[in-house]
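Okay, here's the structure, questions in a sec.
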Amino acid sequence: MFDKFKDECGVFGIFGDLEAANMTYLGLYALQHRGQESAGIAAADGRQVRISRAMGYVADTFDGQTLAGLPGSTAIGHVRYSTAGESGLLNAQPILIDCAHGQIAICHNGNLVNARELRDDLVRRGSIFQSNSDTEVILHLYARSKASNVDDAIVESVTQVQGAFSLVMLMRDRLVAVRDPHGFRPLALGRLGDAVVICSETCAMDLIGATYERDVEPGEVLIVSADAVRSIKPFPPAPLAHCIFEHVYFARPDSYVFGRSVNEVRTDLGRILAKEQAVAADVVVPVPDSGVCAAMGFAEQSGVPLRIGLIRNHYVGRTFIQPQASIRHFGVKVKLNPVRSVLDGMRVILVDDSIVRGTTSQKIVKMVRAAGAKEVHLRISCPPTISPCFYGVDTPRTSELIAATHTLNEIREFVEADSVAYLSLEGLLSAVGTERSAYCSSCYTGRYPVAIPSDESSYLQLTLKLDKTEAVT
Amino acid sequence: MFDKFKDECGVFGIFGDLEAANMTYLGLYALQHRGQESAGIAAADGRQVRISRAMGYVADTFDGQTLAGLPGSTAIGHVRYSTAGESGLLNAQPILIDCAHGQIAICHNGNLVNARELRDDLVRRGSIFQSNSDTEVILHLYARSKASNVDDAIVESVTQVQGAFSLVMLMRDRLVAVRDPHGFRPLALGRLGDAVVICSETCAMDLIGATYERDVEPGEVLIVSADAVRSIKPFPPAPLAHCIFEHVYFARPDSYVFGRSVNEVRTDLGRILAKEQAVAADVVVPVPDSGVCAAMGFAEQSGVPLRIGLIRNHYVGRTFIQPQASIRHFGVKVKLNPVRSVLDGMRVILVDDSIVRGTTSQKIVKMVRAAGAKEVHLRISCPPTISPCFYGVDTPRTSELIAATHTLNEIREFVEADSVAYLSLEGLLSAVGTERSAYCSSCYTGRYPVAIPSDESSYLQLTLKLDKTEAVT
Amino acid sequence: MFDKFKDECGVFGIFGDLEAANMTYLGLYALQHRGQESAGIAAADGRQVRISRAMGYVADTFDGQTLAGLPGSTAIGHVRYSTAGESGLLNAQPILIDCAHGQIAICHNGNLVNARELRDDLVRRGSIFQSNSDTEVILHLYARSKASNVDDAIVESVTQVQGAFSLVMLMRDRLVAVRDPHGFRPLALGRLGDAVVICSETCAMDLIGATYERDVEPGEVLIVSADAVRSIKPFPPAPLAHCIFEHVYFARPDSYVFGRSVNEVRTDLGRILAKEQAVAADVVVPVPDSGVCAAMGFAEQSGVPLRIGLIRNHYVGRTFIQPQASIRHFGVKVKLNPVRSVLDGMRVILVDDSIVRGTTSQKIVKMVRAAGAKEVHLRISCPPTISPCFYGVDTPRTSELIAATHTLNEIREFVEADSVAYLSLEGLLSAVGTERSAYCSSCYTGRYPVAIPSDESSYLQLTLKLDKTEAVT
Amino acid sequence: MFDKFKDECGVFGIFGDLEAANMTYLGLYALQHRGQESAGIAAADGRQVRISRAMGYVADTFDGQTLAGLPGSTAIGHVRYSTAGESGLLNAQPILIDCAHGQIAICHNGNLVNARELRDDLVRRGSIFQSNSDTEVILHLYARSKASNVDDAIVESVTQVQGAFSLVMLMRDRLVAVRDPHGFRPLALGRLGDAVVICSETCAMDLIGATYERDVEPGEVLIVSADAVRSIKPFPPAPLAHCIFEHVYFARPDSYVFGRSVNEVRTDLGRILAKEQAVAADVVVPVPDSGVCAAMGFAEQSGVPLRIGLIRNHYVGRTFIQPQASIRHFGVKVKLNPVRSVLDGMRVILVDDSIVRGTTSQKIVKMVRAAGAKEVHLRISCPPTISPCFYGVDTPRTSELIAATHTLNEIREFVEADSVAYLSLEGLLSAVGTERSAYCSSCYTGRYPVAIPSDESSYLQLTLKLDKTEAVT
């Protein structure tokens, strides 16, 4: 609905809990913001792996009967942002296969930049692909590994892929977590009693009452079985490249990501933005929900009072119809309610986390003016986004990113604001701490820490939105 | 989900717009917060009145085909909080009947305190009742009126009922709006081009682009037909009794109600509360979503920084299942996410708009403590609620209201807070302006401006929640 | 789907069984052929009457939870052929009301010919109507009765209506069955242990294991309470007028109706038709399912072998889509499969129970020819239908009945058969026994045993199909 | 519902029709009796293959929008009897993959007896399996083929599998049909204008107006492309083994299967049975629907009149609930209605097509007696079924087949009939013509024309019903 970059997945895993599938259900519920289109759970009872997947929200998709059909003390789960229909379900995760090493289920957050090359090679060698998912590549590498045990086969397969991958995998009798050596996507490790918990964000631990211990380290392969928790570091050294957009927008504010509180970082972004881009105004108004933390920091720093001048409507529903011709100019008005008593006659600072195409911003500015605002100053709590992401985020092509093709002044004119200003990259990095080099900021700079595919368009076909019924390229 | 008083209805009407049913759809969508269980629209094309009603959200319930089946330039609509199943639909509004004066459809926000007596009398005279709704009484009075024209029949019927009633009615060729002489419930009048718009709250006008003109006055009967807009004042003079809870909790912050901005009043409540009930603390945290405005005022007045320490989860869905026994202690945790980085080690002021039974407050305080809060001070932006409402609000009986049966200290012990404090009635009234006597504050005082039924229990049976399959008492 | 007269309702009632709602569910399931659009059950536990109604098949509509919500040892139920959507549900039965005599629920099979006059009078006296149903009139008469007890009130109300009515009614503590003095519609009485069972057709008794005792007699009011089973005969003497179409088409072949086996009557119709309208042919082929019994009799009598030359497809589903333009000529082909090996090169006698508009017959004849039939002779097991029914059957207007506006030869030309022949009225009556005068054959003769409304068109508006959203005229 | 062997699939393909997906939809609709659990269509537009699959009936599953999403002039489709839920959809067909030879979609009717061995070998060589379907094996063989073109790769893969397989396959630009050299399952070839049509039964051609030309021959590989229709015969000579049960029960009576009319064969079975197993009786009553043709032949031959003594209830619905304990003895009564007027006092010959476990027969006999039958003689129009099928039919294990474990007299005692008699194998074979050796009758004899797997239990796990959530063994 809103014009945002979209995180593509959240993953969860638990080993050693009699309620493994139930816990995974709750964990996925907490990670729902990372993917709303499909959800899936696989569980192992020591002898067999079972799976259930469906389109829709976790809370609408699973019921007690489905969870009861997933017995066992180990489970993994996945929420996914993906396309609808048949191809949606085909590409839903976990993917469960049977192969020479037995059953394995996999959940993946991230994106592999050498998936096309690996896939072409696998296909040449006789493999068949049933989805468009880059994740399927890992399963083929695993199945073809000549390693004498499953752990070695895992290591052999994950060391061949490049790009962003936070993985949880499930075999008959073990849980595996893997994080790429750059650490693009978060992956946290915790405990629930004796059980081991792995998840994309700590908010999933909070809900089930688990305790955060540490992050799965970049380049770490963690194998959890009844005997032991083994940690292997099979990857060559690589520079860190945490996705800074997790802090800017993706992660839930109550999570800790890359070791830092998302809420604190986001509030700091607002404070720094207020220092960098001050403007005389009467009220600071967040664009809900994602602009709230930054707006709070902005208001505090600037001394301009914070006001709820836009309220999000949560009754939109899946089937809201656009009424007929004569009243079709509603757009963002059905999602955001402007509060006239806050905006009327005011000089308003609108704080949002990012601008992608600019179309939503334009509508919001117009709406705020219609509610009486005298001036509208748009403040964005990150730098201009000028490059697409190849590491597991759904972004448009460069040509669709307004900041890639327009000057700041042109953007201002497009969104019809009195002023538009972004946070500086320097400011952004300063908010996430001293080890700034640990972050990937390619969407702001176009400098990619891991070589991206030469054939960008074929790559985008592979990984991004597909036609509704296009199941296999 | 949350333990709140519940508004029972929202009404909308429009006369003279070719898109009448579509506009009503949008108006109801804006009023969805006033009733989520059922929705209905009736439209008239000069010759006939047609109707469509269904259980569920407006955006999920109506589609283009349904609206296309409601032709005509006049329409009314209703959203309702009511019980599920057959009885839910039976009691859904508008109610459409045929009688001696022709077809009439009615939508009602409020509650009639003499419905039982009138009903008993009507039944004695041979009327049949198909619902539990007090509203059906008005239709019978109308049908039995010997008046020579429909306008007189309307006046004759509405002057016989007592209590709270903001009504919109639809005949073949006219729209009628009625507000009881005490003005319990809001009812606003506006224009959309040449069309006349009537609605519970101004936010419905904002969405469709209509302009607020004035409130339908307490005691006013407004009859809109092709010839004229007639205003009649057939009621004897009566003291005003605007529902103060509309400002405290029910109305949408972007609405103007009883001539005042809800957002402003609510922020003022927080400011006054901060003056009355200051406490040393590190952060002010609103209980979302209803505590946000007051918390903002509280933070501003007190100088204690506002922080988003609780985030509402909007993915709950209708079918969230409570997992099995061993993990059933979730409760409010699936709806609210505590932000540890905000709460940990802090002295927290929690601002909420009201406490009903106290059970939700108890869980929230516990959750905030579990997230590390050192102290938790609960501040409520209205006085203790000690009496049920008989004017159109779904409240529990006196015995279930914690403030009616416990001292302040007992409440504090029950919710396990370090301190609990309410806004004073004086403070509450001061926020809504100088004409304090214009408000009904019976839920805080037990002093009812209109005599309530002697047989309270039979009365509650008539108007409050019914058994799922109990269609007629 | 097929072009047939449609029965409008089936009714069921049971008194004195602890599983009353469950038994009613099963009884309605057995009566499903009498109405597929909506179904409803009301149950009484001695203190209160509860109700549940829904659109759709009985087996899809009720579940264990719904039935559990209908406690009590007395229940009534109804299946109805009616229009879809809101108005469908509004007109669904039972209708449950509260009035001066307490709660009463009613189920009606039939049609009242003086409903408009009574309704006009009731409206004049201040009654309100919430549906288009003629049945609502009976409830108003009951509510307005000054009788000192409910039994007298029942008698007073049912003796004012005219036309066809087989009724079951339910009060707090009693079950009432009423059949109009002409006995238009069937109504059977039986026992299940000590419980009393009332139903439209005996097949409902067969399913639940009840034993048929006798029919509720024409003109009988049967009141079943804990004390006694009272039989009252309050109507003046009237000539019998059993609906002969029940035997021709409506009733289930395994039922006994008006004291005779439907299967036997229907097979006899075929035998007599074979005598009256013999033709040289190679095979007798029934039009499924309704032509099967008559075809069997026809084949036996004529010595021409019976063959299944048309097979009904039961996978049609509710949502079968008509594919695009170029292949839209399917029509009846998706419902009936012609068996080429039976039809190819053959002289075929097609046996059907009736022709209404002739359009379906035309398609079937064409299909049979396309499968290779050399000759097609259409034989109809009743006389030409030339007049609409006003006693509870959904028929088109006279102008749409092909036999009312075309000669036999024109019909033959229209359906493109080699010959068309109908059973004679004499033949039809001889099959139902010696007391031929006991039957209503108005649809074949236009002679109506009870005066029909002068204003036919207003009457048809009242009782026949309504616009989807037209809830009240 | 009924205790029958179940056919597992129907297939359809069309090449060269602009409405290919629509035609496939209709073709599958005609083949619905061959599989009711899932349905799927794949279509190719020369560049790409798209797919849509779903659980449920064809008519409920596809809508215009879905079909519009399947453009192209070539399409294949499949209906399947399979398990519900995730595993149901995972195992639904067509299966669409991408591999070294490009995209290919496959539909399979039959069963491979060497699937386990091939799968084990493929797994050893690094293939991954995502379903339990034996069909997936063919795709892996195809993907691994080193052949230089797709046609050779097809031949290479299908010549490695053994057992029963009638296949239709779809590539970007061609349609392939394959039938195993024994010709177990039917597969017919026809024309619709210039388009080539392939389908399991000719009834699919009848619906869309295509003309039957010939069967795809046992051992034939038919490759249809824009250039030509190539016929290849790559299999070594093998004895024919047409499934005789297609004639006994599976196929639709209006189809021609293995070159003969199903209806004629089935009627002949009844005639021969009457000769072999005559018994003095008053009526012949078919068990609907499958016993009707044979009963007709039986009645004709024996001179005993045919009567519809059992009527199938078509309102059962998917959700029919079994009412509570006290009335739970309904069973077959909700599906079959006994006609007392036919059965009462009669000596009844019940004609059915087969007995599997005997439980349904027992209930039917009991029901017929309860309706008054004096004697019940059960006549079965095929020999005793004593062995499971391994060629694509869902049968129970040997131990569950009543005829495998009981003598004829014990069967009679179990079903409580006065006599039970089966058709002789000789009689059965004589009905299907002179080339009797062309048929597989292993279910009657235990003599399997193609070696069955040594590990029967592992085999049954692979191919038969799976646990609801068991996606991969």
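To keep things simple, chains are lettered A, B, C and D as they appear, and every chain counts its residues starting from 1.
Keep this in mind: contacts are C-beta pairs under 8 Å (C-beta built on N, C-alpha and C of every residue); 3 or more make two chains touch, one makes a residue touch a chain.
Computed from a predicted model, the values in this text were never measured in an experiment.
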Chain of greatest Cα-centre distance to chain C:
A
With centres defined as the mean C-alpha position, give me the chain C-chain D separation in Å.
38
Rounded to the nearest whole Å, what is the centre-to-centre distance of chain B and chain D, using the mean of the C-alpha atoms as each centre?
60
Can you pull out the residues of chain A that are in contact with at least two other chains?
none
Make each chain a node and each touching pair an edge, then name the shape: line, ring, star, complete, other.
ring
Hey, which chains are touching each other here?
A-B, A-D, B-C, C-D
Per the contact definition, I'd like the list of chain D residues that touch chain A in the complex.
48-54, 66, 69-70, 85-86, 89, 95-100, 103, 123-130, 139-140, 143-144, 467-473
So in the complex, the part of chain C that touches chain D is made up of which residues?
18-19, 22-23, 25-26, 29-30, 32-33, 36, 57-60, 62-64, 67, 203, 206-208, 252-254, 256, 261-264, 267, 292-293, 296, 300, 305-308, 311, 313-321, 323-324, 326-327, 330, 333-334, 337-342
